[in-house]
Amino acid sequence: MQTHDAKRVEIIIEAPMERRLSGALMRAGVTGFTILPVLGGSGRSGQWSREGQVGRAGGMVCVTCIVRPERLDTLLDAAFSVVERHIGVVSITDCQVLRAERF
Amino acid sequence: MQTHDAKRVEIIIEAPMERRLSGALMRAGVTGFTILPVLGGSGRSGQWSREGQVGRAGGMVCVTCIVRPERLDTLLDAAFSVVERHIGVVSITDCQVLRAERF
Amino acid sequence: MQTHDAKRVEIIIEAPMERRLSGALMRAGVTGFTILPVLGGSGRSGQWSREGQVGRAGGMVCVTCIVRPERLDTLLDAAFSVVERHIGVVSITDCQVLRAERF
Amino acid sequence: MSGILDLALANLISPIILSFALGMAAAVARSDLSVPEAVAKGMSIYLLFSIGFKGGASVADHGLDARLVGTLIAGLALSAGLPFVAFALLRTITRLGVTDAAAVAAHYGSISIVTFVAATSVLQGAGLTAEGYMVAVAAVMEAPAILSALWLIQRKGGGSEEMDGALWREILLNGSIVLLVGAFLIGALTGQEGLERIAPFIVAPFQGVLCLFLLDMGLVAGRGLRDSRGHLGGGTLAFGLMMPPIGAAFGLIAALLLGLSAGGATLLMVLAASASYIAVPAAMRVALPEANPSIYLTLSLGVTFPFNLTLGIPLYVAVASAVVGG
Amino acid sequence: MSGILDLALANLISPIILSFALGMAAAVARSDLSVPEAVAKGMSIYLLFSIGFKGGASVADHGLDARLVGTLIAGLALSAGLPFVAFALLRTITRLGVTDAAAVAAHYGSISIVTFVAATSVLQGAGLTAEGYMVAVAAVMEAPAILSALWLIQRKGGGSEEMDGALWREILLNGSIVLLVGAFLIGALTGQEGLERIAPFIVAPFQGVLCLFLLDMGLVAGRGLRDSRGHLGGGTLAFGLMMPPIGAAFGLIAALLLGLSAGGATLLMVLAASASYIAVPAAMRVALPEANPSIYLTLSLGVTFPFNLTLGIPLYVAVASAVVGG
Amino acid sequence: MSGILDLALANLISPIILSFALGMAAAVARSDLSVPEAVAKGMSIYLLFSIGFKGGASVADHGLDARLVGTLIAGLALSAGLPFVAFALLRTITRLGVTDAAAVAAHYGSISIVTFVAATSVLQGAGLTAEGYMVAVAAVMEAPAILSALWLIQRKGGGSEEMDGALWREILLNGSIVLLVGAFLIGALTGQEGLERIAPFIVAPFQGVLCLFLLDMGLVAGRGLRDSRGHLGGGTLAFGLMMPPIGAAFGLIAALLLGLSAGGATLLMVLAASASYIAVPAAMRVALPEANPSIYLTLSLGVTFPFNLTLGIPLYVAVASAVVGG
């Protein structure tokens, strides 16, 4: 089956920042992304879990964007402008996609 | 630790199609996969979120299959026969697995 | 944007084992990970779904850790000590990260 | 006439309508108010169980009505037939293509159980009772419309997924139908005695749960309207407001032929007037993936549902009372 | 004799049993009806809190019974001892290996709190009361069976994960035990006055919530049975039906020795007869990962639970009433 | 004096406080007891809707009080002013930096609606009534404190995200404010008649739902305390216990100036004394990401909330009754 190179960017970010992140992505022309719920995690700011969370304000979500390689930098700039001062993780993987016309 | 090459296929598909997709995978002999919930997303058909969804019919799920490289084409054919006329995204990543006998 | 090589390890494991896994990771010095909920799946031990599950005891979760390449083996050893006798899947992908100082 | 207005006004300032309005307003104002999906689904299970059970218990109490079978058949006929009316109207007054028009038509042949539930609660407020088996009629009306729509597509040359067995099973055994019919049978089997045992759960708090459920419906409908602004043409919008009274008229005729009570006639009108937004959309995503969901969902949930809830129901009550003489 | 049949029949056509049957039927027919996991968990929290609180309030009301301590000890002994009976029976009539047999045995020594809840509601219908502290007995019976099973394995040379402190903590402090015991203590501390304040929440709607909860249990049990067809041999199935009356007989003997009321004797029989499907499976996944979950879950939830719910409970009520003379 | 003690004791052994204590104990003992997030959110929607509606219905019943506007303004002033008091106190007795101190201060100017709800239920037990519009006062007090905190930061040279329109919208239209105000308006519009229709849902089971909700709050607060042991210095802890009575004193003065009833005065004291743990933390994560959440969340939810719930509320009731003469 015909596949095409692409980049898969995964951004783990605080839930209250999610609207800002999707806004920034849209403005940068990245209109395709998927948001997964996160149950819990651990990092430099300690361990947390959705149910055990003080105040439930600070849950996180995981935003995945698949883009053509040439759009990666635009995407990262947009994402970075939002996560810059916030906790969270950005990772990039090479991948292949079917139906490249969709990206 | 001993690792083995494998392919990781991630299919984002409408929830009402999920049973059909797992059926097609099983028929193609792909008996290992994991289904993650999706909170929301954005694509050519607009932005949606699980809670803000009109009618809640059209949520999506994310199906991940890890297979031996030589089984990739069978998997993609099976998956493609289901997603063909539907919205959704298929991506493939190279990966390594422990305990290769399980795949 | 400046990126750095890293490894992304994904461990799909039974929910009742999750505390043990995070404990083992912490003890091995892997303090960054994210836990995603799993809706269902299929494997050698059959098909299951969170809502259709007998007793709801055996759901699974998906634990993702991003680490510097040189810490990969420590991580895998720790993870393997927990999943060894249990069902579950461990996969490793090459990735790139922003803000490497966080890992 | 002033009777209708009073009824409409009393309806409009009832807690359930105001809760719906609150949800809509919050969504349009982009508040982050939201009801967790699991809780909304839990409430809909509660409402279906409660309405089914009470219908069954009422049948057990009043005995089987000779009209039961006739009304079930009338329901089937309305559900199968109304899509043709809707399709013709859509092709006349809107610019929707065959596929989209057929998809919308399927929704209007089918029913909205929440509209039905709201109507039973308005009837109760107006002191009218209805035949208990109307919930069974609601159940049989869910699916036939889908068949009509797919037949329409096939005849008009639009492409649809073949209607396989798996899809049929999904439609006929979808959760709401099974729960509604099952609860109806449980109510019919355990009767008044069973009802008494669980009345503090399914009767007393019913109106209150309905308020919170409609709050969520308002949020969902409001978000849909907000996001689809501009997608719906004027003709499409007009259809969403014209089709309910047309459907209700067909329902009224059937009710008169069957000799239903004023309450029963109202409910048959409501079923005919309402449009599905759960079962049919899910079936359409599988069978007609090319149809645009934002058209049929916005119409059914954003236009027709609020119309029926606020103005439609009191109108149907008034007309049914006047014509049948409740 | 006709008394038993009447009771069994009344039980079978009660809303709660029919709700369970509806769930099973829907699952077997592959309907997509489902109760969200969060809602099911919410209902089980409600039921545990309610049953615990009412038990505590009843103890506060009737004063402490001299039999309390004896009954707690009897519960511990039943939970620790029944796995040996179950293991011997399994190794005789089934072809399960040591590990699977021990895992199953652990489930039958432990208890099912929902069976207990259903039994209290049947008792209430039959006009019988039971000692309020029976919920505390239920709590102490959850865990000891696990220890017996692990001991069995070790002696028979099967390999099990070492029983570390973390696992002990998890078992003894698992959510249901803590909630049940905690609510019992709150009920005992606040007594009748506390009960009155929250009775409209924990007493009045109780039966109705139980219906919806059993609907979900039926769905889960039905799916389990459906998916494991063929996995269970005839001997294993027979075990699932024979072990409950055997356990109940031990429970009855203990109750007679202790001098419990007919209601209390019924509940002790029910506890001994029922099999765990929440706490023990989770512990087994950690401590005995090699044991096949589909065997123990299907037996406990798909065979024994429905048996107790439909036939077992009325049987135990009848026997207890006849023997103790309620 | 013995009146206060009696009240405090009665409060401490009420089911709602004991449920909170059970949750805390379970969390500290590392039990896996947990309430699903969706259910907890569902209960908070129920509580907000219920408290808002009842407040509105009471305003509809008793007519608008001339003091309404004055009390709203007093609420705004307290919310905007108390952060300055809190900030000064924090900078004096703790070693928190400007950013952390300002973030904590924002929480103490804002309010905790669950503390408010618990207080209304204590008032009811004590036979006191309060002005119905106090829930509207609660709503207006949520947000102004955030503005004061950001202003403080800017003046002290700490860096905060610019306070953009999106953030303002999020704060002012956050779910709890919209639901509380909306339900208040619905209650005011439908009045006693509307209340009667849904009283079996929003009045009768209220106390029971509050128990389960506080069980969850106890779990969350307990986990927070457990995980942050050692992170909070003695000064910070002292602040969490000193600030509530200080806030309450300001509330009392305002109540006396306004001439509120003893019940109303209590509630204004409670609002001033309580600290936010939902709206403000979310706003802080966006506007002040550098502030350490474990400080402000542990203080507000782990220290101040339990203090107010157990000792604070009875104290405020007693003082208000003594001073206003309820």
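In this document, chain identifiers A, B, C, D, E and F correspond to the written order of the chains, with residue numbering beginning at 1 in each.
One rule holds for everything that comes next: contacts are C-beta pairs under 8 Å (C-beta built on N, C-alpha and C of every residue); 3 or more make two chains touch, one makes a residue touch a chain.
The structure displayed is predicted, hence computed values, not measured ones.
Novice: Return the chain whose centre of C-alpha atoms lies at maximal distance from the corresponding centre of subunit F.
Specialist: B
Novice: In terms of CA centroid distance, which chain is the most far removed from subunit D?
Specialist: C
Novice: On a C-alpha centroid basis, what's the spacing between subunit B and subunit F, in Å?
Specialist: Chain centroid spacing, subunit B to subunit F, equals 45 Å.
Novice: Provide the C-alpha centroid distance between subunit D and subunit F, rounded to the nearest whole angstrom.
Specialist: Taking the mean C-alpha position of each chain, the two centres sit 41 Å apart.
Novice: Please tell me the distance, in whole Å, between the geometric centres of subunit A and subunit C computed from their C-alpha atoms.
Specialist: 18
Novice: At least two other chains touched by the same residue of subunit D: list those residues.
Specialist: 34-39, 41-42, 170, 200, 204-205
Novice: For subunit C, jot down the residues that touch at least 2 other chains.
Specialist: 36-37, 47, 93-94
Novice: Going by the touch rule stated at the top, which chains touch which?
Specialist: Chains touch in the following pairs: A-B, A-C, A-F, B-C, B-D, C-E, D-E, D-F, E-F.
Novice: Under the definition above, what is the set of subunit E residues touching subunit C in their complex?
Specialist: 27, 34-37, 40, 161, 166, 170, 219-221, 223-224, 227, 277-278, 281-283, 285-286, 289-290, 293-294, 297-298, 300-302
Novice: Could you please specify the touching residues of subunit C with respect to subunit A in the complex?
Specialist: Residues 1, 3, 6, 8, 22, 25-26, 31-37, 61, 66, 93-99, 102.
Novice: In the complex formed with subunit E, which residues of subunit D make contact?
Specialist: For this pair, the touching residues of subunit D are 36-39, 41-42, 45-46, 49, 53, 169-170, 173-175, 178-179, 182-183, 185-186, 189-190, 194, 197-198, 200-202, 204-205.
Novice: Please output the residues of subunit A touching subunit C within their complex, sorted ascending.
Specialist: Within the complex, subunit A contacts subunit C at residues 12, 36-44, 47, 49, 60, 62, 73, 76-77, 80, 89-94.
Novice: Could you pull out which subunit D residues touch subunit F in their complex?
Specialist: 13-15, 18-19, 22, 25-26, 29-39, 42, 200, 204-209, 211-212, 215
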